[in-house]
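Okay, here's the structure, questions in a sec.
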Amino acid sequence: MPEKTRKPGALSALFKQREVGLFIILAVLFLLVGLRNPAFTTGSNALFILEDTAIMMILALGMLCVLLVGSIDISIAAIMALSTMTAGIVMKQNLNITEIQVVTDGVMGSATLRESTPLILLVIIGMGVGALCGALNGLLIAYGRVLPIVATLGMQYILYGVSHVVSDGQAVYRKDMPDSFINLSRQAFLGLNSKIWFMLVVFAVMFLFLTYSRQGRYLYAVGSNRESAAMSGIKSPRATLIAHIIMGMLAGLAGLLYASRDTKITQDMAMGYEMYIIASCVIGGVSVSGGRGKAVGVLLGALTMGVINNALTMLRLTGNSEFWKKAIQGALILAAVVINVIIQRSKERRVLRDRRI
Amino acid sequence: MKKQALVLQMEGITKIFPGIRALDDVRLDLRRGEIHALIGENGAGKSTLIKVFTGIHQPDAGLIRLNGEEVEMTDPLAARRRGIAAIHQHLATYPDLSVAENIFIGNEQTLSGLPAISWRKTREMAKALLASLGSDIDPMAEMGTLSVAQQQIVEIAQALSQNAQVLIMDEPTAALSLRESEELYSIAKGLRAKGTSIILISHRLEDIYSLADRVTVLRDGHYIGTWDIGETNTEMLVKHMVGRTIDQFYPKKEAPVGEPILKVDGLSRTGFFEEVSFTLHAGEILGLTGLVGAGRTEVVEVLSGVTRPDKGHIYILGEEKAITSPHEALRQGVSLLPEDRQKQGLLLPWSVQDNITLPRLDRHKKRGLLSPGSEAKTGKEYIDMLNIKVRSGQDIAESLSGGNQQKVVISKLLTCGSRIIIMDEPTKGVDVGSKAAIYQIMCDLAAKGFGILLVSSEMPEILNLSDRALVMREGRISAVFTREEMAPEKLLKAAMPLDKSRKGSAEYA
Amino acid sequence: MKKTLSLLLALVMLLSLASVALAEEPIQIGVVYKQTGNPFFEAAVRGFEEASKELGFEFIHNGPADSSNEGQIQIIEGYIQQGVDAIAISANDAAGVVSVLQSAMDQGIKVVSWDSKVEPEGRILNIDPSVAQNIGRVQVEEIAQQIGGEGQIAVLSAGATMDNQNTWIRYMQEELEKPEYAKIELVTIVYGDDLTDKSIQEMQGLINSYPDLKGVISPTTVGVAAAAVAIKDNGLSGKIKLTGLGLPSEMAEYLKDGTCEAMFLWNPIDLGYCAAYASVALVKGEITGAAGESFAAGRLGDKEIMEASDGGSFTLVGDPFRFTPENIDDWKEVY
Amino acid sequence: MERMISRLPKWMRRWEWILVILILLVFALFSRLQPDNYTIPKLLNQTRVYMVDVGFLALGILVVLILGDIDISIGATAALSVTVMAVTYNQGNGIPFLLAVALMLLTGALCGFVNGLLVSRFPELFPMIITLSTLTLYRGIAYIILKDQSSGRFPSWYAKDLGYGSFRLFGLDVPIMLVCILAVLPVYYIWLHKSASGRRIFAAGTNLTASRYSGVQTGRIKVMAFTLNGIMAAVGGFFLTSRTGSVKYTLATGFEMQAIAIAVLGGASTSGGRGSVIGLLLALILMTGLKNGLMLVYNDAFILNLSIGLLLILIVLIPNIAGRIRRQNTVRRQRMSLQKT
């Protein structure tokens, strides 16, 4: 229908964009916390928040695919644990440490050089295992017709169990990691931390995939209307499978970054993370019934979650007020989600008003 | 004419759905460069036949020959690759995607040499296609925000974009204005001239006479016959479709129209309908017709409390009532037979009996608990009354044929004993036998002093059953006819959108 | 359905009839720790192994996956069911396991708590790694010495609900009251919930919001390691001093590169070893667990049982050991 | 045969037979492996650990699942409710315990009510998201109330007799709390499967629109179901606390997933319209047998989870495959009859 009738004014047109709602929420958050603790609003902290949220964003982009096809995955934390643990064991076994003599400003000193499986191989292992787990989820859901929540809940139990078995209850520590892996999340390039770069690359790829590739569009199509998809011969099970595989791969990648940051791999790593990822997607305007959601929105949603988390640590709560954190967090998430829905509804109402019968 | 090569032959096509035989030994042959009309009552199997042909359903028996060679339509893509395009009756669109994408999904326009989709190309080609249909829909608009008519046009554009050798049009004009219909039909003629073969399914016999070369009639999933259009006349076709002549088919309604029981005044729902006013009397069957998307269904949804109006008043038996929910509506004595019985009318996995008793469960309480005995009794009562064909009340609704399912929904309606009964497309997808039965029930109810609001796009129904008929156009009531005034062309004229309004819809915004 | 149930019960009875128990068995100890896959407790288990070789008792060990109180109760109930002679537990919730342990004691099972105590009503004896007061004191002394006696410090704790954490912190605050620490300001206490990433976040929060922060005490193995990561990543090694209770295996790196000059921990192996000896002594009836008694704890020599501040009785393994870049290599492979 | 299976109640029974068989297998297996410890009396005693508190939570979530919704805040609800109970009883000087219990139930109801309201008001929001945020919120409030303290010191009939006491029935020691839940089950069964409101819940879960069109007050039912769910969560917390003897804000963390798993094992579907109290009871028995057995044999928390995950998926996967085969058979039979004619 003619655009002109839908755009009474540039301003309201701007406000039709769901992302704007998020910007407002974010701005308000920054302001409030900034009042309490100026350090919160400094550029360095902003950068830290971005760095801290990058992993969440990568996962959220994967979850976007899954939600687009009308599925869901609550096993991602377990996938992270298993895939990272597998990579961790490999690096641990192939690790060899060599003491080398280095001269630092005239003084003879010794430094340890730690080498192991090439980083690229570790990344491939991690993402591979992740993809495998994702594929398993996808098969169960798409072809086994197991409801996503049940399937991934079961998988969550299983994967944690498996990661416990493969690790034999042992954690992987900094001392077991090669320098290359430790630095994976610590290199900086053009002043930006590698995690941020990883996130940007994933974002770019996902954006192109979802906007310009057939398969990408089919994710939207399947989620938007399964029957139509069937009529035009789009195979929805395949789309579901692909979405879950992507989710798995990204979970593997995110897990590696996560482990590199913590310089520690435990079998119960990132337990409970999945919920915050799903929440960030919903805040980012992804419809859990499928077919709706933008990569950009998801990033903003994750950022909102990140800001909420960071705000809580920056609120300088001490003593008893420490105990308020959890409640505040819950309230903030609820507020963010609900406000977004309300914005969305007013948008739809506007569309209806302009709709010709 | 006779010697023309056959593009398509379908023989002995049989399709089984759990419980029913939707198609039984149906045949159809299509010549190159002909427009072949496929007609029959609702539920005769036309759409199923098309779905078999386009690979959405696999036939349980029979074979399909395309240009002489036997083919298997394993899936929609296979059909598409063989140059078969279809405009399906039920819009197969993606509400969340853009118009342009809806048109080209499945055969995306890629950047030359790259696997990447070119949105510019997609957009421009879409615009051109829509223009050729005389439409100014914005290719970038979100499908979900379009009106039904506009979505229909997009569907057509989607089918045309595949420049196929066989084009199937299943009720393509159901929601179109006169001008748009003409546009479409001239395009169809053009395609025929170029040698494209077209299967046209339409309720409007006049359209068929103006377009088709031959006509094939189906009834209850059976093949009745194929004729050159010249050999036929309306009465004969209707007779073949219905299986008997009209006057036997529609019961004579002899109920006196009594006092007003439902009065609607200036009812409006933003984006759906405006300023709707009418009165329904006891013992009256009030017809409500109009094109698909004209707002009929939305009006009855408001009356039955499914949605809330933005403006207007509803008076039941003289006093104003606020109908806040279907529950409230039932309490006020307003019952609705919804349009989509599968999604809105029935709990498909439930037994017939449990479906029937659901609306008035309280009646079957004994000491606070449900009494299976009384439920079974009620179930049996209605199964017999409407002779619903089931082995027992325990059969699950899903396994019933369309007609019997509809009878179950009607039973639900009757258990409520409301005085005001709204029936939205009561005979949609229903076999002829049940159809007659349903008409009979309606007349009996009217005779008992119930007021019936009959929403239907089936002209004959309106003409033969209703005491008065309201016609809706673009969300407003465009005309009211008494039984004497009613005539097909009058109704059609009142239903057809005024074409100026189709252009840039500013005045409607 | 009822029929099925009774049928099922009957069948299980049949199967269970076959089983006739008894015959003289060696002492069996059920070991419960806070969480599976935590190296500190794996080290402690090694202590039990060592003791079991010397004393010839059997032991089973387990901990919940999620360091939850409910998980520990399930395990304890399982041990009771298996008829262990003693239960040695490091509790996630000092009060939360009291009831179940009482019911265990009613059935004659001896209960010893170690590392992280159980309330007196729920235990016979508590094996304290060392006096809570000392644990608090040494860390304050250490950080004071490292930052040169003045400046802002902060505490990165595990959970706000963790009993031993809070006692230690309380003692730290007491210690800081002393005049010689007048110039030291404890700006805040933050909680990382013993999750590495949350601890890192909290530490980063400290760094960002307290620019003049001089030192950090983290009396938890997870926290101190996380703090080290954050400090190192911000290139503040040496600028923000760090001490606390840490695992040599996890902290060796940071001690060597100067992120953490010195940290403390008692020897988990000795802890388990001592707990094992105490349990056996209780089972054998050599001691009742009353204050004033003492028992032989193998290579640790005789251990005296004392009156605990919480009214129960306890015994000490030894003061926390101070790990420095010099001695860390001897320990980093041990635990 | 087809007809029998295709009918809803029979369908339910199919579920329960699968479970019964599984139970028999599990019990047979472990009583072989652990003849001394895996015995009726000892298992009965273990039911306190595995059947009661989670059982009540599962009963609550069952109704929500039948509606096609989900609630992951029940663990937090339980924690908050018993927190209120403990604090009012311990700090509120001289408040009778039963009053504190009443307040607990009220709190549970309130938590559930809030969830229900939000879920029915914001259908475009996934219930999981709503209840995720209320989860954090409720636990947060419990945290604010209790801080780092744990609150105990309950009357001994509660902390001792209810928590660890047992009746002597047919020469067996039957835990009192087991008797409690077994007493509730029939009532619950009758209400859910035999009463009008129960039927309406199934209706709403099977097809919300159609039920609404049939005059079922779906919105009200949702709120009601969530409220009930909250109450059951509180009750679950009540029995859990009787075993722990004290309350911390972390109480019942992660119980929501256990409860959901039990309900699903018992034949509930997260897409709504399905679920059975008998199935749930059997699922509880199965879980008790399995978890306890694994605890005895492997004594490892993660192995336990692993096998439960497998069980969960298989038990949902198998009927799906069976169902597909059955559907194919139906059509094939029709084809045969077609060839005959």
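Here are some notes:
Letters A, B, C and D name the chains as they come in the text, with residue numbers starting at 1 for each one.
FYI, a contact is a pair of C-beta atoms (placed from the backbone, for glycine too) under 8 Å apart; a residue touches a chain by one contact, two chains touch by 3 or more.
From a predicted model like this one, the values you see are computed outputs, not experimental measurements.
Chain D has its Cα centroid 34 Å from the Cα centroid of chain C. Per-chain Cα centroids separate chain B from chain C by 72 Å.
Each chain gets a centre from the mean of its Cα atoms; for chain A and chain D, those two points are 31 Å apart. Centres computed as Cα averages put chain A at a distance of 45 Å from chain B.
Touching two or more other chains at once are residues 160, 164, 267, 323 of chain A. Contacts with at least two other chains are made by no residue of chain B.
In chain D, the residues that touch at least two other chains are 147-148, 300, 302, 305. If the chains shown are joined wherever they touch, the resulting network has some other arrangement, not a path, ring, star or complete graph.
Every pair of chains in contact is given here: A-B, A-C, A-D, B-D, C-D. Touching chain A in their complex are the following residues of chain B: 54-56, 75-78, 80, 88, 92-97, 101, 105-106, 108, 115-117, 119, 136-138, 140-141, 145-147, 150, 270-273, 293-295, 474-475, 504-506, 508-509. The part of chain B that touches chain D in the complex is made up of residues 14, 16, 18, 21, 60-61, 304, 306, 325-327, 329-330, 336, 338, 343-351, 354, 358-359, 361-362, 364-365, 368-370, 391, 394-396, 399, 412, 416. The touching residues of chain D, when paired with chain A in their complex, are 70, 72, 118, 122, 124-126, 128-130, 132-141, 143-144, 147-148, 257, 260-261, 264, 269-271, 300, 302-303, 305-310, 312-313, 316-317, 320-321, 324. Residues 1-6, 208, 211-214, 217, 220-221, 223-225, 227-228, 230-234, 291-292, 349, 351-357 of chain A are the ones touching chain B in the complex.
Note for the complex: chain C touches chain A at residues 36-39, 42, 65-66, 160, 187-191, 196-197, 200-202, 204-205, 208-209, 211, 225-226, 229, 233, 249-250, 252-253, 256, 332.
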